[in-house]
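We just call them A, B, C and D in the order they show up, numbering each chain from 1.
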């Protein structure tokens, strides 16, 4: 009887399951090339780190008074990347926006790995890396505790929480899907999935608790995602450095974070979609929605730029003015104008539906969004310090060295390594949730009967 | 290296085998060895473990002969401090004096006698062998010409040399690269005496310097700076506060930088100006005319120097001349000085003579210019004598040459080298392998002055005694002993010295001797000698030099204020201490006026090839308005071809440009004509000056004299001082917090609040405090490459901000010592995640090095940018960045932790001294008294600009100064509540314009 | 199945329960079956579905999951821990920083907030696992079909030999494409 | 490789006196203002020497004079705790049995941050006369005399060492607690045949005592 009652679209439950399960099939050579590249980058990073620890941070380009530079820039960059994931998975979940289902898994995985990456930087950039644990409140022989007034400790807690929560959130969402692939898999994979699926069978009891719990997790993750980047922004806003010390920072950073996050999602989804042939599931509509999100957040960011400068001028505070003048026309003009163009002007292309629906264009734009956002952090951190207008005597121009780039490369390697491993071993698109938005199979016959 | 000392042996010499090893290896990365404690055989009566002992001795870094106290801990000299008993430096010391320690513990010292073997390389030799060899040489050289070349030696050692030379039929020649021949010649012309008088700056009411850099290199800098600061400082209390200082020279030196007015007269016309001034004074009867014969002489020689006549030639307008003359005479205490190196043009003697005339006309001679207490350096041989010797040597009429305490091969490159080649046998007593020593056949390293007995007579009436304060570091021997041995005499130089002194004061000698030792010398007022115009005075003519022809430039070689003639070049402290004017460290430079630079398309850092008729050298350009457009200025001191790791092959040697011919007064000209060509090479100059301008955002404050005089206690002339409206309740809230604080844990009860007052009107920017800070706090020197990357660690830096006149040219500078302000609301504290930066009960902004993990957040949040990070392990033994290679590590202050890589460090008001004083006070059951604690910078400051004390003690000096209406807090608008009060610089101008 | 350690064994693989498993292709058919079963007085049957469907929940008429209690208590505990951590540790060794009070609440709010989220989330997870596992335990090991995670719905009705025939018929009528007895 | 050290230049690097030291005339002379400190010290020593007769010492000793402690005769030294010193110096004999106050040898402890270890001269002062009762004692004392003859002091092995970034001013503690309280940190030395470290000397240990005695816990008192 099946033929007469099959739903109109080819998108049957079975189709969905199999298409997504296919992405876990034996990897292509291209995949291994990518993975190899990632690992290579990671090795560079590790080597650099070892040298840093042995010979001291001096190997990097720091110069008085620029005491934070590329490492912290990367830290903020990666934390920013991390944000859209939770946004898409949690906030859009609460808003019940159906389109998220196809993309949220990728975004969420990205979140987890980005936070993992970001979390490394504070440890790398401190002078005595082997004492990083002094930042943790653990009972010790000396009877000393960390200083909870320090934004760095807030960071530690925020990032730590964010990592834990987003990880469990990801794993929770994965369980039914793992169960699904478990039932198709064979060999060691089956064993793995059996373990990961903690015996999920999709009974009504399981679904009942699962859906509730998932709802609450989303409800917790939503304020968390807003708090995390606010806390990161306070690393700067709490300081008295002109260019940092602004009440605007929290919303400004959050918006920027989501902006860069969406950019990164697009950057990641485009190839995945191609590689795994998920055009059916991840449609242009999804990209367009992401683009709209970019447009929104991007506009908030550019508005913040304007506000910053306006306030600097309007405040009449000579230090503030000097700082922003230096930012725009000082030795770092190139950096700040890269930032303004990539984050200020580029998103305006997205007003046109043509661009929004042209995936290649979106991909290119997303790359520039990432670059722009990296430079935003670079400008905020490095330029504000270099041009510190209080004691202009010490102003210095900072130039990154191989050590800076080495660690940065390493961070990309680290991130992509995990991400690639993930997409090959776990469903990169949520199986159950994609099904949820499909029409469930119904039988008119039985209705007639009834 | 041939003279490198193998560690075990050197440690044996020091006798710190075990502990030394432990200390030193703990610097590196690796397990701590078991320490061994080696007791004394006999407890020295004056050594207490863990407690410093001070010994009075004499600084021999230059001829000024300042008295110093050496701080000795467990047999190591760890710090030099001025000796308050000495009438010369009155307990103050300059950067070069501070760095004497690095001469003592210099890693490049000659560790043992060395002889040049057949193949021409040095090989070790034992002392007895060396002395036998030398005795033979002396015997065979007798009659064939023996010469003993020393530095300025007005001392028993000098006498010994004289005696010995007489004995062997040789002669003793003393040579100083900067011999002030012009000064002597000028005095001879004017007063018929070739001696150098002492100048009483302290009581001068108006100071007029014709290129005499009396604050940095002229005669006795510390003494003069001390005097100058008394005269020039602003003190509302005194009636004629702040005597005006006018500087006449082609370039602004450290001295000129402190002038109220800079007159960039054409080089060589200074004499004319002086005579013109004198002419005005005499013709307008501004001063009491001297008695008849002189009066007629005066008016006779002043004819033809009417301002109108000479104004054009000098290059300043007539009115100015007249005004100067009026001010000078009417001040009732005008002092004019001349004869600096930078102005030592061929007619320098005439200039000095002219200035003497001016002093004489104004009646300064005898009151402020005191003959009688003559300076020792005046009795060194002139440059002419040296050139004579050189020609003798070249002619092969010198068979045996001894060199001690002089390095002519560097200061007279080429010529002396060649002449040296002609000498049969050359013996050096140098303790370093400098250019001259490197060219000698036998090196018998002398003890460092801190290791040996000696004395020095820097000026008549002052006999400074010099005693060994530490065990010899290397296998060296006092040259005095060597000479005595060679001359067949018995006993050591110590006996010789004592006999000399006994001869001077036989009765109750022991008492006399002990007195001398404890005071650091015998000081008596030398009888003044009145001088009158000499008949020769009428011959004084001030002529303008011939105009420059062709595209040749006037190049002025000036003595480096810190490296001097180059003797300081192998001391990392001095290399890393930026030049007070250019703020350039580790290399030399050429000062070019922007206009000239524009003409040649020159940017700062572009190399300029200067080619004089004597030699050529390349210097990176430093574009500055502090030099005349038609003059290029280069510092001496760098460009060593030997002398050690810190000095060798560093930049260019300015002496190369100078001629080796004496000029008519037997001196050396330091201004030459040279062609300047752009080589196209470029380098990043190593400077601490990054932001060239002080934005006028409340960092430095300047008051016009009139305004300053009008101020009363309680006035607040600076708007940044007032708490902004919006901060009012914040301030109240802060008060409450302080209340809460006083009831908590360590903070319970009454505590002092340590504070500092820095008088910008006194600070000259000489940099002594910076080096003192390095010495006291074990601050690492990072070297040229890292300093270029802004990694220098100077906890205390001197920010030099030009004050520009209406014409845009600089009118001196404001020098601001910038160090940790120990804020009451320190922004650096709350951001530290591990409490490494926190507030102590006594108001210090402490930094716990061993707790620091190195997030560097504190530095970002410090508006004063006075926190410094250990980018590398500068204390790692033999590490790539080792800042204390043996035996330099021996001068590390045991009371201060040496910081590891990855920790933040900063000034804490010499907390180790505070704690030491508190411990001592506790032992004596009393409280710490005001003045018990001197921070290193305060202790050494020659102009007494820094005062430390307890701000909660209403009777303390610092409290009184903090209430001074000139006082302000840097960036007070940030409500950081600094503990350092700066007293605004006061300038003679009506409208102070800030650069 | 992989062998599990003893306690987990008890939780995840309790002894099998006899009963009947119906496999459905269509959602509405499944719903019909559920209605029928409940009408037939069956309470403790289990419904399998590849996705959560409200129709099923409604048909089953289950109470709201108790997980929210876990979330709430976890959150409160976290907040309390955060407060204790910051304030007690500040006063344990009072150190003054930048003229600020030793225990200043505003900055500590951040810590408290983060701890609230952290503990809330973790206890939620525990809640889900605990409840789900508890349910599984209560029902014992029951028949399962891999298709349930793909595109099939299923109903398992525990039934002894007496009732089984009736149940089987009921399921078939409701439109089960396959019925298994075990 | 990662063992971090703040480089300590030990505050207690004792150096050999110059070989030409004679008791009377120091060949160098202190500057006047520091004479006081020197006098303090010698004064301290003199007082302590005068205080030698046991009667005067009872106050200083931990135990009453009545139960006089006699140091055991030790045949097997291998079982003793602590490192083996070049000379088997018996603290228990010297301070426990003969009741010589600590300050007699470690005289600078009361006036300086460092306790100091006695110069060989101090040992010889007594051991010129005291040759030792048992053969083993005589053997050890002979080492002292030989060392004195060869002007070659023994190299003691350090037992109580603090990291280089910690300052421990002995005089403050003795001033506050009294000269007999060395035992609180150094343990019951007067009954130790061979001295070994008894307290951890770690920060928590210091801090606990400071809390107990209600004295400052300010970091910059010890760390700078």
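Methods note: contacts are C-beta pairs under 8 Å (C-beta built on N, C-alpha and C of every residue); 3 or more make two chains touch, one makes a residue touch a chain.
Predicted model, so just to flag it, every value in this text is computed and none were measured.
Q: Which pair, A-D or B-C, has more C-beta contacts?
A: Of A-D and B-C, it is B-C that has more C-beta pairs in contact.
Q: Farthest from chain A by Cα centre, which chain is it? Let me know.
A: D
Q: Quick check: how many Å separate the C-alpha centres of chain A and chain D?
A: One centre to the other, that is 63 Å.
Q: From the mean C-alpha coordinate of chain B to that of chain C, what's the distance rounded to whole Å?
A: 81
Q: Give, as an integer number of Å, the spacing between the C-alpha centres of chain B and chain A.
A: The mean C-alpha positions of chain A and chain B differ by 58 Å.
Q: With centres defined as the mean C-alpha position, give me the chain B-chain D separation in Å.
A: Those two chain centres are 44 Å apart.
Q: Residues of chain A touching 2+ other chains?
A: Expected reply: 128, 131, 143-144, 146-147, 149, 153.
Q: At least two other chains touched by the same residue of chain C: list those residues.
A: Those would be 93, 95, 97, 100.
Q: Which residues belonging to chain D are in contact with no fewer than two other chains?
A: Residues 1-2, 4, 217 of chain D each touch two or more of the other chains.
Q: Which label fits the chain touch graph of this model best, line, ring, star, complete or other?
A: other
Q: Going by the contact rule at the top, pick out the chain C residues touching chain A in the complex.
A: Residues in contact with chain A: 1-2, 12, 25-29, 32, 46-53, 56-57, 60, 62, 64-65, 67-68, 71, 75, 85-86, 89-90, 92-93, 95, 97, 100, 104, 107-108, 110-111, 113-115, 117-118, 120-122, 124-125, 127-129, 131-132, 135-136, 139, 144, 146-151, 174-175.
Q: Tell me, which parts of chain B touch chain A in their complex?
A: Those in contact with chain A are residues 688-691, 693-695, 697, 699, 786, 789-792, 797, 799, 801, 818, 827, 830-835, 851-857, 859-861, 863-865, 868-873, 880-881, 900-904, 971, 974.
Q: Within the complex, which stretch of chain A touches chain D?
A: Counting only chain A, the residues touching chain D are 53-54, 128, 130-131, 140-143.
Q: Using the touch definition up top, name the residues of chain D that touch chain B in the complex.
A: Chain D residues touching chain B: 1-19, 21, 23, 26-34, 37-38, 40-42, 83, 108, 111-122, 148, 151, 153-158, 161, 163-165, 167, 169-172, 175, 216-221, 223-224.
Q: Which residues, counting only chain C, touch chain B once they are in their complex?
A: Checking each residue of chain C against chain B gives 93-102.
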